[in-house]
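Should a chain be cited, it is by its letter among A, B, C, D and E, assigned in written order, with residues numbered from 1 in that chain.
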């Protein structure tokens, strides 16, 4: 039912400004995410990274500026309209239903790809059943891919934090996004779990060819995955470039990394 | 957060759905034989229950049939409320309003314009089956008109906003006399399907005289069955997942592509249509619609039903409806035989009061001791007997 | 004009009684996130105790005992019922309070039976004349009492740590416990205060011009729902404003029903709800309520 | 004299056994760290000490916990706070609808003595440690960024002048610089006489801060010893520090070998 | 099947009396559908107890037709669903109903009563909308007639005159609206103008209504509501120094009100129209009833619900006796017996004529006035009479 796959268009963020009462959370921020690349957004706490994601996903409305995904303008769209363009995200703090099973949570991610409405589901039309089967298969594939195949029947609330984060990631993947926004995907994981999750993300990029915007404080992960980096501080863009460039940018070091090498 | 949610989400997992949830698959294979046995047992039980239900009109007297009819109509209304309040987390205290729309809508659509009680009554005189369908649609439209509120509010705000509907409804029912007949209500045109009238004229079947109660029994049974199956399909399918997501985390639901306000409004409309159908049936059972019926107490009774029965599930709504509507009848009928209960006028606790005590207590206790409601008991029993897979 | 003033004053005085009820409602909501649909039964309980005792022990003592009784009923509901539901979903809790309400109202109405019970207040049917406008003394007492109680509560809420504890407990009980907040105490106190306020409100709902307490008195508490919502469920100022709006709307809609016949007569009960729906359409969290914050 | 002593503690959440006979000790004035993977039972351990397991339908099934020789078993959470044991819970848990200032006031609620001067002094100290909390005093805490919230959570706990601070993953989601700041603050807090029991995923940072470390795996203590010793052990280096000795292909055990194809339907 | 149709038609039993549903050789079963836990609880309690007293007295006197009376009471709490259930439950096993509170519910089963059930029902409501059925028979004047008589009293007493405005406070529902129809009729005959104030049974505070009516300049008030509303109306008007006469329907008074702050005002210038003498009257009927009732229910108050219940009961008794002499205790026999009662004096001051189902059984009303000194709180100020305006008035139903 979906059109034959096309590479994601570039995401262009231009002069986006977000103000809350008495606070400018984003101040004329611009950057571009090239198709198929991993673009990291880093910056100190409170720099505006999550706010940026909230604008991209339609949760917040920007006070100014524009966000274009290819030719389409995203600002002003409701979250579900953004989702329908193939933009998926994860949440920094989990946003799962604790009593829902992993399988059902992931199927929720496929909401936009499924068609059956109240009537079809209520009348159990064969089309709805077929669709259900099809999508459950894909859910299983994705669960296997991120390493959740053993937990599909468990309520998400009973999983440890790290696995719940994986559920978040898998649910976003279930949306078959063309642009994936990941807000701190490895936070709260042990070192080896981080490595595994980073590998999953790399696998997504390589296997699906989609664009990924990544917010992460783990510089190791950022360095390993990112093709380009944008650095925010106090809502402003203070630097950007390749990971290597950024790591040695004195402004970035001062504002974010600190003098000490964090990778110790 | 809430344990009462769990039934909504996985209460019905051992289901005969075409593809068992893949997550269950390893478990399912392990216990496949068990499952099949249970399914077999289930269908035998269902068939037996179905037969009993079909045979009842041949044995029960009008009082019990009527009680059963009320319970069935209530069950349909409760399913609708459970879709809204249980599954989507939208508290509604205005359910009685939509019941009234259904009931009065049917009267006005099916009735003939006539004069009664000093005023002229509007009536379109449509065929009654068509009027019934249109009345259900009308209830849906009424729900839709409320969507600017239903789509935007939640929790207590929505609950109390919907309370306004009760007051508006009562006001209209008493004052719009040309449609509603005012305080004494209006007579209900009997249902007529394929030339068969569901009224009090006697038809003798197998030596049993069939009056309206006997005949309506089958109509109600069919309506309940369809309504229940439809709701179950909705809950288990794509809309059901979206509804639960709206309840648990509405922002996440939006980001997953669920149009939040529209979905909330749609569920409200769907729930109103269930109420409308229940209203049509109630009108047919009552043979007259009276405004006093559609007050706040009725709305609260429906909330009590879904809590007692179990939030978020179809079975919960049905069990709860049966409990709440049959309890007072049982107590009244057998008041002589029950300790503490005494006939009215003799000074003790009257059956009406006892039933109110009981269902007040049932609401409180159900949430505490039966997180899945009465309908959840079977599940608890089931999980006690089959060891749960421990998470590692 | 004098009719208008009289209606307005009457509305304000009734409104301040509604505000008292709504305030109790709001306090419980703030402390526990529970919408207490059993509030009407607290009111009836307080009024009933006052009504049955005043002949024996005098009005003021009876009022005191009635207030304490309603406070205890509130505390008992919290202790025996609500406490065991901590962590449940808001809507479910609201429904639980409906169950409690059914229990209590059934019991109280059974006790009250078919009687109309006077409360034995000192004001009787005396009125005060302000130019062309007359106002019952009971109503002046209502305005004063409500004003006083609401002010006291606002001050306590703002300037004591009890207020902070209450809000903390409402939002994240577990975390509040980690801060050393005694959750049980906070919520039991909120319920008790709400009960006490309801008992005072019951007094003013059942004295002249109303003949006395009877089984249907609790229905008056229904007016506190639109009042609380109008103002915003989590706002004390909102409760005050909402109460007044409801009182005045009701009085004017009743008094001018002759001019409002196109809406059908007897619109007084309905008007507050219509105003409420109108406000909610524009401000979904009420006039002073805080919009639910969404940060993800 | 051990400040906090946990002996043979077992905890269950219904049928789930989360801790099995865990023993651990926080000497007075020390910083002790507990490392462990997801679901190892670290938070459970802290909940047991703070006596908030009931909120999660969990219960202690065996063992004892005592603080300064006084058993904590059977106390309410408020009494534990009054005894001087304060926890900063996992995931910050600031009161989102209250202002930053009120959050800090809430932090002072558990103190038995409510001397105003005392409170003012605590507040000044917190503001000194985290200046941003003074700037944002009037803002609703829910609108702070993650890191700011973590600072608030820490500051809030300090308001009651704890003798033992339980920290559940304080650097979760913090920028490297901020994590370093928090680490410094922990050292500072400790230096002024507060013992610290730290639960961390950021093992490198945690081991640097602490004198003694425990490794918790699936509800059991599998390793413990002086922090420096543990930091040198192969097991800890591999699992918690992410250091592999033979430089080879990264051990991306999961995800590797699996591939996600594009969805076609 | 247990329900298979058997011939349950009327039989002829001992003594050659034809019997049907509800009547055996020993017992006559009657039903009472009452409200003891809902909005009409206070009425329901008095009516029911009075009828139980009637049954007891009748049985003590040897019963009727050699049979004892058995009264089965069902409390529906003013819930339509329960009322319908109770009706359905009792219908096969009772001969008729000595009371049925809630006229909407009576209306709800009207079709069944007239269609196949045909059992006599005496509603405890006096709305003109209940007239017309040969099986549903009210005892006394309907609300509209009662209101006309009340206004007629004011005219007779010269308290109001042509050209005046009078205020009418009335309940939403058939009671109030039927009374309003009467008031309008009386007003048109006498050249009065009615200023309407509609209220709901939950409104207990009449301040706003008084303010509005005062503003409108009315010279007298009519109240067709419950006792509490009457007390509030009378109290507020008096407290504000507004001295206008106030008349009310039978239901707009309860002796309990005399203990409230409005008690004094009620005894000043408030009148109630009724279809029976007050229970405190010294006439033989009321006096005997008052004594017997007090003896039976020492704690219960005396009010006009007692009279209403008792008169309904004794009417049923009278009809049963008549039917017994006609040797027909079937439902049909009951109907015929009732139709033959043309001048039935039950000892409560008014003579009833039941020969025309379309007309109320009387057009007269007694005018009474609250008085705390009398048991039951009411004394007669004007003997039964019909106002001129009632002649020719037909309750449009």
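One rule holds for everything that comes next: contacts are C-beta pairs under 8 Å (C-beta built on N, C-alpha and C of every residue); 3 or more make two chains touch, one makes a residue touch a chain.
What you are looking at is a predicted structure, and each value in this text was computed from that prediction instead of being measured.
Under the touch criterion given at the top, what is the topological distance in steps from subunit D to subunit E?
Step count on the best path from subunit D to subunit E: 2.
If we define chain centres by averaging CA atoms, which chain lands farthest from subunit D? Would you check?
E
Compute the centre of every chain as the mean of its C-alpha atoms, then state which one is farthest from the centre of subunit C.
In terms of C-alpha centroids, the chain at the greatest distance from subunit C is A.
By the contact definition above, name the pair with the higher C-beta contact count: B-E or A-D.
A-D
Taking the mean of the CA coordinates per chain, how far is subunit B from subunit C in Å?
32
Quick check: how many Å separate the C-alpha centres of subunit B and subunit D?
49
Just the number, please: Cα centre separation of subunit C and subunit D in whole Å.
43
Which parts of subunit C, given as residue numbers and ranges, touch two or more other chains?
87, 110, 265-266, 269, 294, 296
In subunit D, which residues are in touch with two or more of the other chains?
Within subunit D, the residues that touch at least two other chains are 16, 143.
Residues of subunit E touching 2+ other chains?
In subunit E, the residues touching two or more other chains are 37, 45, 172.
Show me the residue ranges of subunit B that touch subunit C in the complex, using the header's touch definition.
My answer: residues 1-5, 85, 89, 91, 148-149, 152-153, 155-157, 159-161, 163-164, 167-168, 171-172, 174-176, 251-252, 296, 300, 303-304, 307, 311, 349, 353, 356-357, 359-364, 367-368.
Across the complex, what residues on subunit B touch subunit A?
For subunit B paired with subunit A, touching residues are 1-3, 5-6, 8-10, 18-19, 21-27, 229-231, 233-234, 236-242, 244-245, 247-249, 251-260, 266, 270, 389, 391.
For the complex, which residues does subunit B have touching subunit E?
So the residues of subunit B touching subunit E come out as 58-63, 66-67, 70, 117-118, 174, 182-185, 187, 200, 204, 206-209, 286-288, 290-293, 297, 325, 328-329, 332-333, 343-345, 350-353.
List the residues on subunit E that touch subunit B in their complex, please.
Interface residues on subunit E, with respect to subunit B: 1-5, 34, 36-37, 45, 48-49, 52, 72-82, 84-86, 88-89, 91-92, 102-105, 107-112, 115-116, 129, 172-174, 177, 181, 396-397.
Enumerate the contact residues on subunit C facing subunit E in the complex.
Within the complex, subunit C touches subunit E at residues 2-3, 6-7, 10-11, 14, 109-110, 113-116, 118, 124-127, 134, 136, 207-212, 214-217, 219-220, 250-251, 254-258, 265-266, 268-269.
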